[in-house]
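The two complexes that follow have chain A in common; it is paired with chain B in the first and with chain C in the second.
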Partner chain A sequence: MRLEPVADAGWARTLGLPAVALGGTVLIAMALSLVAGSNPFAVLGLIVKGAVGSKFALLETLNRATPLIFTGLAVAVAFRAKLWNIGAEAQLYMGALLVVVLGTGLLPLPSALLIPILMGTAIVGGAMLLLGPAWLKTRLGVDEVVTTLLLNFVMILFVSLLLEGPMKDPMGMGWPKSERLLAEARLPRIVDGLRLHWGFGLALICALLVWVMQTRTTLGYEIRAVGLNRRAASFAGIPVTGVVIKTALISGGLAGLAGFSEVAGLKGSLTLDLSPGFGYTGIIVAMLALLNPLGVVVSALFVAGIFVGADSMSRAAAVPTYIADILLASALLLMVLAIMLTRFRVVRG
Partner chain B sequence: MEILDILLSASFWAAAVRIASPLIFATLGELICERAGVLNLGIEGIMVVGAFAGWMAVYSGADLWTGVAVAMGAGMLFGLLHAILSVPFGLSQHVVGLGITLLATASTYFAYRVSLPEVTNPPRIEAFKELPIPIVSDIPIVGPALFAQTPLTYLAFVAAAVVAFVLYRTPLGLALRAVGENPHSVEAQGLSVTGLRMGAVIVGSGLMAVGGAFLTMSAFNSFFFEMVNGRGWICIALVVFGAWKPGKAVLGALLFAAFDALQIRLQQTSLGADIPYQIFLMMPYLLSILALVVMSRRAEVPAALMVPFNRGER
Partner chain C sequence: MPSGGEARAVLRLRNITKRFGPLTANDAITFDLREGEVIALLGENGAGKTTLMNILFGHYMADAGEIEAFGHILPPGNPRAALEAGVGMVHQHFTLADNLSVLENIILGTEPLWRLGSGRAAARARIEQLSRDFGLAVHSDAKAGTLSVGERQRVEILKALYRDARVLILDEPTAVLTPQETDDLFATLRKAVARGLSIIFISHKMHEVLAISSRVLVLRHGRLVGEVATAETDRHQLAHMMVGSEIRAPEVGGAAPGRVLLRLRDVSTVPVGNAVGLRSLSLDLRAGQITGLAGVSGNGQTALADLIAGEIVPAAGAMEIGGREAKGWTPKAALEAGIGRIPEDRHRTGTVADFSLAENAVLEAYEKAPFSRRGWFDWQAVDRHTRSIIERYDVRCPGPDARIRLLSGGNMQKLILGRVLEAEPAIILAVQPVRGLDIGAVTYVQNRLIEAREAGAAVLLISEDLDEILTLADVIHVISEGRLSPAFARGSKSPAELGVWMAGQGFEEGGHAA
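And now, the complex of A and B:
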């Protein structure tokens, strides 16, 4: 078989194939439910109900989507330049760690000063953590996939070390948990009485800013050029190394913000289960959004809905909650295949 | 000096070879894929699948070697999926690989929960036992390290020899190496680039799964979540460290495993009492990063690594 570019894809092809991919994901969900011995339609219903079926469910989905928007943006920005940042998980923890270091009493400041400082520190922390791999990549040609991946393991051990040692909360009943943030360091809720914090608003603002950066600025143009063809970009006079480093700083900073938002907006303290893999899931979020920053918001909501829905469903039906990860992986693989097939057709010979 | 005592003990070297065994399988698997031009980031998930499939097969009553075969088969299945998406369809190898890792890991956990719903402590199996080779296993230090291991460890070294032989001494190996360097030349010979690459990914994934199975069938005798714990990613670093050559990759795995065995033992010394255990646990990952940095200048990357091939396209 051979792939041949499709000159004019047409609406049926551009919309139909992704729809087939989504349909395939639903079929996989139903098959898995049958394997687990449950009624597939009941399981689908429970997932949808658990994700958006009530005010509580909806807020839970929005809360879960918040860190995914940040990590999804972090990945989308980096992948656009073909900088394979698989380390958003570590960068998230770095951001969260610095927020807890500064926000638990070291800086007794009013909210109006403290929150911007904590935000800035989280951004810098995340950015610095990706700067190392980016520098190794541009200077020595060290593959950033492996370095960023391995740093995730190092970082979580480092957090564990601090939480069991110098940063352990003496009132934590022996759990590895940091002290709580000062009240002034906490992000307020968007609407009083509703469990949704301003981290979500910040995530939306970031998505908009990244979109503006990508479509309306020189840097955005340069990032795209570097991603499409590094050599050609260099030939055209674009400072490739500088662009890659700038991309890394933006990407790491966004992932650091995810840590800030989770600690200051939701949890109030740092534990080892702050992120159940938000950094890795960000890759799926970004890919499903085709690396479009505004699409990231939509796909983060979709992905969060699947997680929240599956959690709620697995409490009612005998289908393990891991079904969520299987569905997302399937959706990812089917979707990249579908998108490719909108642009190429398979021919024999 | 405590370190010296450790380095001179037979049990240390035996442990190093044991720790290296799963890494050798998986590193060889990744090496085959990359030599053919495909980066297989599914490795971490495929190792999880292998660990579970082999263990589950034995737990359900199969004998140990059948378990290894089941693990290998399961790995090859995910390898096939990776191969289809990344070779003929030419999708981004990064995305496909990470997707496969997530799919394989989640499917494994799902299967575990469905097959053992009420279990809190995973059951243990009767795993591979040490099989000392007469006479040579009595040699001090070298004997226990190399010749008093489980059959799977011997298999790891046999696999390395076979991979090296096939890669450098057979027409198939020549074609495989060529397809990772210059696929057009292979096509000009009338060989199928797609077939060679897909075959490499499938066989390589099978080896990765056996590496995973080593953990449940020859080391921990049971299956735990997150037991692979980044070993797959470390193997990708080992391929680079080994400069894409099987012999060097095996040496790299042994060296790495020796450091790992050393940090485990150092935790029990007076040094371990002063230094938090997390520092020791970070060592393997930091060491892998260091290895990548050190080797980066010298590495001869297969020229067509991560470059999809589409017939008739230049």
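And now, the complex of A and C:
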């Protein structure tokens, strides 16, 4: 078997193959349920019901999708420029950390002032954390995969240090957790009484802004040129270093916003389990969306749905919740395969 | 079986047809290759030569037709079958592993893995025998990465011979060779034919086809449009068959050189890696004049091109554009100083392969009005500009939104030419502007450069093809080891005299008697 490039993929291939990939994922899920000794159709039904089957379930899915949209966008923006930002997790924590530093009493301001300030600080914090790796990459050729990945551990240990020490909530019964945000620093709910905060709205707005940036602006053109062919971009006079730095700032800022949204919208304080790997899952979200910012919203909802649905299902059936991880992994692998098959054709022989 | 005076056919192609979407790359092609003959496949770029050979060698599967080698039908799409039947291919782009020795490269894939290394003595003797028999001098212990282009090609041929190839396919084998290396290659091919091998020689250079082949097959738009015995044809007829119409060599009238637009004084650059840097080089480019830079590849042409294109800065010496010193020298500064650049590598430097024609057409002007206004990109303006280039520069393509990687080299180069010339540059840097292009595109690009000269541009033509320089340039410099010869007026030096300079003789250390 060999691969031949396909000149023009056509709509059927471009849309059909990812659909087949999703279908394959569902089949794998059913097979695994069977192995676990449950009725695969029932398990599937429970996952869907757990993800979108009730108002509560749906809101839970939207809440879970919110940080994934931010980190998915952060990754999608960076990967477009071939800036491999694996450090959205650290940037998220940096954003959250600054929000907690400023929002727990240091700035006694009304909401209308405090929330934008905290938002801006989280953006700057996340951006600064990626600036270092981007600068090292452009100046010294240091591989940003290594630097951003390792910064995740540095950041998490740093947060842990602070939460066990100077930032530990004196009223926290000894748990490593920060003080709670001022009421003025909390993001309001979108609809009163429903557990969905404005972080979700902010995520949708960001997705739209990133999409406009990529398709309608000069910077978007520069980012795509640098990502697709750095050599030609440089020859044509595109300031490659500047573009990579700008991309890093946008990407880090978006990941920082994820931290802001989780703390100010959902949790109200900083703990070490603020993110169960949203930064890493953002990579899956971005890849499933083929790095398209609007697609990120869809794939974040899909990924969040699987997590929330699998949690709920495992309470009702004998299938462990880890099936969510397997589902996501197979969805990603099948999708990567589908993407390859939209560009290449398998020829026998 | 041999019958009468006719040698037996070693290879028969029957009705080979291959389509890529709407494009028919090969249309019912039928021919035989007989034992001990060289046939030439002649055709413009995109005529379907390489596709046909990829089918023959099993890299592509034909949509229809069949191939018979030594009396057996080849299973389609199986390179191993072609190899085992004795068909060997020497690719346009070589496929050697740089970190392995010549010997290892040659035996790679012929020995079972667990035995690799054990049969070396025998392999070495065999390779030495082959290289003596065929006049292919190579050093078997040298690492492939250290070899010159000509040597790499010899290794590729040895690789095929080592696998007992009875049919050799050479795809554009001379594109990367010096004239001397080409002569050596032809000598090898003649020896191979004398030993009963058969050769398919793919080219678009007519003088080579005439020199080496016994039969010429001409492909045009995927169809076999002519088959002639080499002895009974000439350049004129072949060119006519290739393009389907008359081709006229560019005519260059007398130059009316104006003022100096670009001046280099004692410029040196830092050598990068193994590349040669410039050594105290002085050069004037005048308006309304084509300055040709001749030289053997790797003698500082790249450094000079990179310097003028804004990619590197002088380490010493002065550079003036339009009478002003070049400061803050970057690609962007070069563009703003009115330098149009046609880069050597149009696939990797000149274009972004996965960008559309439109996106490529504004690559050097994307941030200026009307394409960008206050940070917003105007796709309609870009589209209009691209359509105008496509029309005015005869770029054959599906449309402005098609990805540029789908275009042939000639059409890609026309788009680059349009991008450069539409900016009305005062100075044009053209590095190997017609390398790898078909005759039609060559003439087109050359005529456009001549037009630009007549419109008052200063053109620097850097080429390794001396014929091209002699045809187009009003003044010629020779570059050797980073040093520049004096300017020679058109017609004042014969190719042989220039060859002496190209070999590095006549230069004074540290400067020249300009």
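One rule holds in what follows: the second predicted complex is superposed on the first by the 342 of 349 C-alpha atoms of A that agree within 3 Å, B and C clash if a C-alpha of one lies under 4 Å from a C-alpha of the other, contacts with A are read in each partner's own complex, and residues count from 1 in each chain.
We adopt the following convention: a residue touches a chain if its C-beta (ideal position, glycine included) is under 8 Å from a C-beta of that chain, and two chains touch if they have at least 3 such contacts.
Quantities reported herein were computed from a predicted structural model and do not represent experimental measurements.
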Using the touch definition from the top, say if A:Gly220 reaches chain B (first), chain C (second), both or neither. second
Would you sort A:Pro239 into first (chain B), second (chain C), both or neither based on which partner it touches? second
So which one touches more of the residues on chain A, chain B or chain C? B
Does chain B (first) or chain C (second) touch A:Trp135, or do both, or does neither? neither
In the superposed view, which residues of chain A touch chain B and also chain C? 2
Over in the complex, which chain C residues touch chain A? Could you list them? 20-21, 23, 58-61, 75-78, 309-311, 330-332, 334-335, 341, 343, 348-355, 359, 363-364, 366-367, 372, 375-377, 406
For chain A, which residues count as touching chain C in their complex? 2, 4, 7-8, 216-222, 224-225, 228-229, 231-239, 347-349
Of all residues in chain B, which touch chain A in the complex? 41, 81, 85, 88-92, 94-96, 98-100, 102-103, 105-107, 109-110, 113-114, 117, 194, 229-230, 233-234, 236-237, 240, 276, 278-279, 281-282, 285-286, 288-289, 292-293, 296-297, 310-312
In the complex with chain B, residue positions of chain A that touch it: 1-3, 32, 35-37, 84, 86, 136, 140-143, 145-147, 149-151, 153-154, 157-158, 160-161, 164-165, 280, 283-284, 287, 318, 320, 322-326, 328-330, 332-333, 336-337, 340
